[in-house]
Amino acid sequence: MSIPTNNKQVVVIDKANKRKYMLEKMSSRIFLICALLSVLTLVLIIGFVFYKGAHPFVAEGYSFIDFIFGKDWVPSEDKFGIFPMIVASIFATIGALIIGVPIGLFTSIFLAEIASKRVAKIISPAIQLLAGIPSVLYGVFGLAIIVPFLQNTFGLVKGQSLLAVILVLAIMMLPTIVTVAETAIRAVPQTYREGSLALGVSHIGTIFKVIVPAAKSGIMTAIVLGLGRAIGETMAVILVAGNSLIVPTSLTDSVRPLTTNIALEMGYAFGTHQDMLFATGIVLFSFILILNFVLAKISAKGGN
Amino acid sequence: MISFKKIKMGLLMLSILAVLSACTSNTNNDTKTSDGSNATVSISGSTSVGPLGEKLAAKYAEEDNTKIEINQIGSSAGITNAISGVSEIGMSSRDLKEEEKAAGLKEVVIAYDGIVVVAHPSNKVKDLTMEQIKQIFTGEVTNWNELGGADMEIVVVSREDGSGSRDAFQEIVGYSSGELIRNAIIASGNGNIKTTVANNKHAVGFISFEYIDESISTMDINGVKASPENVLLEKYRLSRPFLFVYKEGKLTDAGQRFIDFILSEDGQLIAAEAGAIPVK
Amino acid sequence: MSRLMSTSVIEHGELTTKKQSWEGISQMEQFKEGTTKINVKDLNLFYGEKQALFGVYLDIHEKQVTALIGPSGCGKSTFLRTLNRMNDLIDGVKISGDIVIDHENIYKTNDVIKLRTKVGMVFQKPNLFPMSIYDNVAYGPRMQGIKNKKELNKLVEESLRGAAIWDEVKDRLKTSALGLSGGQQQRVCIARAIAMKPDVILMDEPTSALDPISTLKVEELITAMKKDYTIVIVTHNMQQAARISDKTAFFLNGEVVEYDDTDNIFSTPQDQRTEDYVTGRFG
Amino acid sequence: MIQLKDKLLRGLLWISAFLSVAVLVMIVGFIFYKGINLISFSFIFGDYSPTGGGGIWPMIVTTIYTILISLIIATPIGIFAAVYLQEYAKQGRLVRTIRFATESLTGIPSIIYGLFGAVFFVTTLKLGMSIIAASLTLTIIVLPVIIRTTEEALKTVPLSYREGSLALGTTKLQTLYKVILPSAMPGVLSGIILSIGRIVGESAAIFLTAGTVAAMPDSIFSSARTLTVHAYLVTQESGDIELAAAVGIVLIVIILVINLSATFISKKLNRATNK
């Protein structure tokens, strides 16, 4: 039995309603256009970056492998290898992770579980303010305080180094991780706490055995958001990284992460050099996509 | 209940405010211009030529209200913008390359500028030969004691790839970007190099004459002191032209008037005061 | 009281609609006794592939309270929402058959506004807007284009009086409607519907979220409103149906098992299934 | 043994909290310590002078310009797009892919937007290095933020409001701007406030699209420096940490004002809707 669709017999609609229907149709058109427009910007930016970025490999026969694993980046001599930068970005992000996540998580647990209401009321908004501070100021702080500090206390030849970048990125990660993780921990239902405490488990035990596991997916989101900000940071890093084109072997080597390379050279790059910077953008973009994918998988697996 | 009407009114006010402020700042400029035209000359390029350009533009603004826009983004960027038409005039602190000339760029030398090798004030080394400079920047020499200084590792500080000062410096000293020592610190901008060197006793870098001050010590080359006089006498070879480049036929008369002003007496005086070397 | 009964016998998997006595009665005669306000002929409704209403024939009489009863999930609410095309909001809903209100097939016109001004609706949970009591009741008329302050004030007062809540709210019309009690809110919802001057008011279990006292107040209001409006009410509460409705339709698995005067349905049900349900043998 | 572990962990909690607060105090303290003596009336409202000693008023005006222009373009488009995705579009796979795309767009580092803006707006569209090029780039940056927050806000509006309004014979549009949007307003506003924060803090994207002209912009087509770009260029060009810190103070004050007004507005709105 086919499902009959009732045919629209045009009935004379009185004038007032006609204007309303016209308005209705027009407004839904406008909303549709806006949605298409935002999708257009989406497609435009992703398309443009991928088009420009892939051009040298597709059209001009540069090998993507040399691009990824090449050690020399000398645009004037047509050498485009970003391996040192990829390693720099990865080391910097992992370093920042090792320092930023534990401190960030423990602080968020402190604020959510240990600190008195009054104390938390002062510290959380202050940390949220830290998240709002433009990253350039972290760079200025890094250049004026962290770099000389590393240079003098460790007797280094130069303060600009991977360690400086790690410290700056860790500091920048903190507010994002603390705010997001704190909300996740506070969202854990009170019954979980009472259940565990009722079994005679200490407050600390409850926190680490019941509450943190329960807020796992929220904490994961916090970490990945913090990571995303660290990987994408540019201006703060340029001032403290030293920007030399070597594969970092020790914490005291000066490095040039991917984002810094784009910012440093975008101003004057053109032709293949500019395309190679877009290709660097693609590598960066795929890092972020992998991160988002991991986040989606974790929070999905996290269930609640 | 915050009705949507109030929000709409708010947004409306916001946009009117923006449009108003946009045109008010326009109008007060129009009224002042003597010859009625409010042409804007967009200039972009070298971070070495930039500061001189801004000082010249500030002086020029006292008598003619053509708006001079100085964008400091590096020599090659200025040249690219001049070719692509994004800017009317490009500023370069290095000679044009063949393909840049081929793109139809005309050049005008507005001044000369010396480049000086600088080190931390506490550094005992005060004089270097051109060969020694090359060895430092290519990594053959890595310790100050090989140059008569203290037993300290050398930290090389260079400019980013698109900088005119770097190209000119490398050309005169005689090494290519590929040969630059790998762990050299790359600082974008003369100011950045100066602060890096001023805060690190191991460091050595190079800056334009305009940026010399007591926070760093300047190196002589083969016994010749780094000074405008020695450049004019061709005894100090580390120098390069400050160029204004523009595409054939793209130069507006407002742009031409600004260049004439620069090459005039007052213009060259300002260049000298800024530490550059006058053309005349 | 002649019985207009539609029996659609369903052998599962294959729908056959036995033409019932309906055809025999001429057009004129069917309107004679208590003019029919809403005439539903062979109404089928599909949520995508799943069919929810099977060949419903129903005549709802003007200025009477018609109750729709039946176990949950039997399609009575779905049927109610077809009468003011609220089901259009749901993706993938397909309708076949005819619903005629005042000689106009409501699915043949795309002037939904006119339909919904004529057929008002009150929902299970009071859904007043986060505005003042006055703005809530005046919302509909304002949207219809009535701007004149004096006219609106009169209309709001009339509607609130019509919903028997004027005395309780007349001195705080400007305060937020969300501050009222459940029963009061529901009556303001009714006032809001009345303000549109509809002919028909649909009520989807209007008292199931209310306490007994408020329920009684709403029921008295409904009986009082009978003289001005045709009311169709879906309810779980059989006593309520018995108390306030003139006609009752018993829905089961998406079809109308029996439709008759309320007294007949509750005292002498024709169909065994109606009897089992009415006597509470199955939920 | 348990007691020891507990004490150790509790100690760690206190230490990390102390560290975070210490970092906060150090950074904000450093910026105020270094920059405070430069802050003066003439510094904030004075015009810029290349020979130093000038004020930063042109930079403040440029920052305000970028905020206003980006919001005027992004807010309507963002809200209307979110309305379409939430209220009109069929919630099929297409809408879900669009949402995932906007989600990942919010994660993209702003340097890539700068890259795109520098080529697309500056050169291809011949806008040149200008405030409008930077603002358009910023619009693309904040658009996904506004769309996501508006959609979340629309989700919080109960379905019963929509049904209540439609059942009274109003059109979808009337229901939208009379009932749905007003009660979703707190969420929408928080999205806008978030975007302002991002615009003010942005430097990488603006640096490549608005150029570095340190003067009062004539119109939105002239090149100019925002506060954050100025702070960066000052550090890079002249190494003047004090000046950069002073600009930092102004930035922190602006961010503080935005955050406080945000909490104030959302409190007021929340009180208004469910009073």
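The letters A, B, C and D name the chains in turn, as written, and every chain counts its residues from 1.
By definition in this document, a contact is a pair of C-beta atoms (placed from the backbone, for glycine too) under 8 Å apart; a residue touches a chain by one contact, two chains touch by 3 or more.
The model shown is predicted, which means the values in this text are computed figures rather than measured ones.
Q: If you take the mean of the Cα atoms for each chain, which one ends up farthest from chain B?
A: Following the centroid criterion, the farthest chain would be C.
Q: Please state which pair of chains has more C-beta contact pairs than any other pair.
A: Contact tally peaks for the chain pair A-D.
Q: Using the mean of all protein Cα atoms as the middle point, what chain has its own Cα mean nearest that point?
A: Looking at where each chain's C-alpha mean falls, the closest to the middle is D.
Q: Where the centres are mean C-alpha positions, what is the separation of chain B from chain C, in Å?
A: Inter-chain centre distance comes to 80 Å.
Q: If you average the Cα atoms of chain C and of chain D to get two centres, how far apart are those centres in Å?
A: 50
Q: Measuring centre to centre with CA averages, how many angstrom lie between chain A and chain C?
A: Measuring from centre to centre gives 53 Å for this pair.
Q: Quick one: report the Å distance separating chain B from chain D, using the average Cα coordinate of each chain.
A: 32
Q: Multi-chain contacts in chain A: which residues touch at least two other chains?
A: As it turns out, chain A has residues touching two or more other chains at 20-21, 143, 238, 267.
Q: Can you list every residue of chain B that touches 2 or more other chains, as numbers and ranges?
A: In chain B, residues 1, 73, 187-188, 195 touch at least two other chains, as defined above.
Q: Please list all residues of chain C that touch 2 or more other chains.
A: Residues 113-114, 130, 144, 176 of chain C touch two or more partner chains.
Q: Considering only the defined contacts, which chain D positions touch chain C in the complex?
A: Touching chain C: residues 90-91, 158, 160-171, 174, 178-179, 182-183, 273-275 of chain D.
Q: Using the touch definition up top, name the residues of chain A that touch chain C in the complex.
A: 1, 3-11, 13-14, 16-17, 20-21
Q: Within the complex, which stretch of chain C touches chain D?
A: Contacts found on chain C: 84, 86, 89, 91, 112-117, 120-121, 123, 125, 127-130, 139-140, 143-144, 176, 178-179, 189, 192-193, 196.
Q: Along chain D, where are the residues that touch chain A in the complex?
A: Going through chain D, the ones touching chain A are 2, 5-6, 9-10, 12-17, 19-21, 23-24, 26-28, 30-31, 34, 76-78, 80-81, 83-85, 87-89, 98, 101-105, 107-116, 118-120, 139-140, 143-144, 147, 171-174, 176, 197, 200-204, 207-208, 228, 231-232, 235-236, 241, 244-245, 248, 251-252, 255-256, 258-259.
Q: Flag every residue of chain B that touches chain A in the complex, lowest number first.
A: Residues of chain B touching chain A: 73-77, 79-80, 153, 155, 160-162, 176-178, 182-188, 195-196, 199-200, 202-203.
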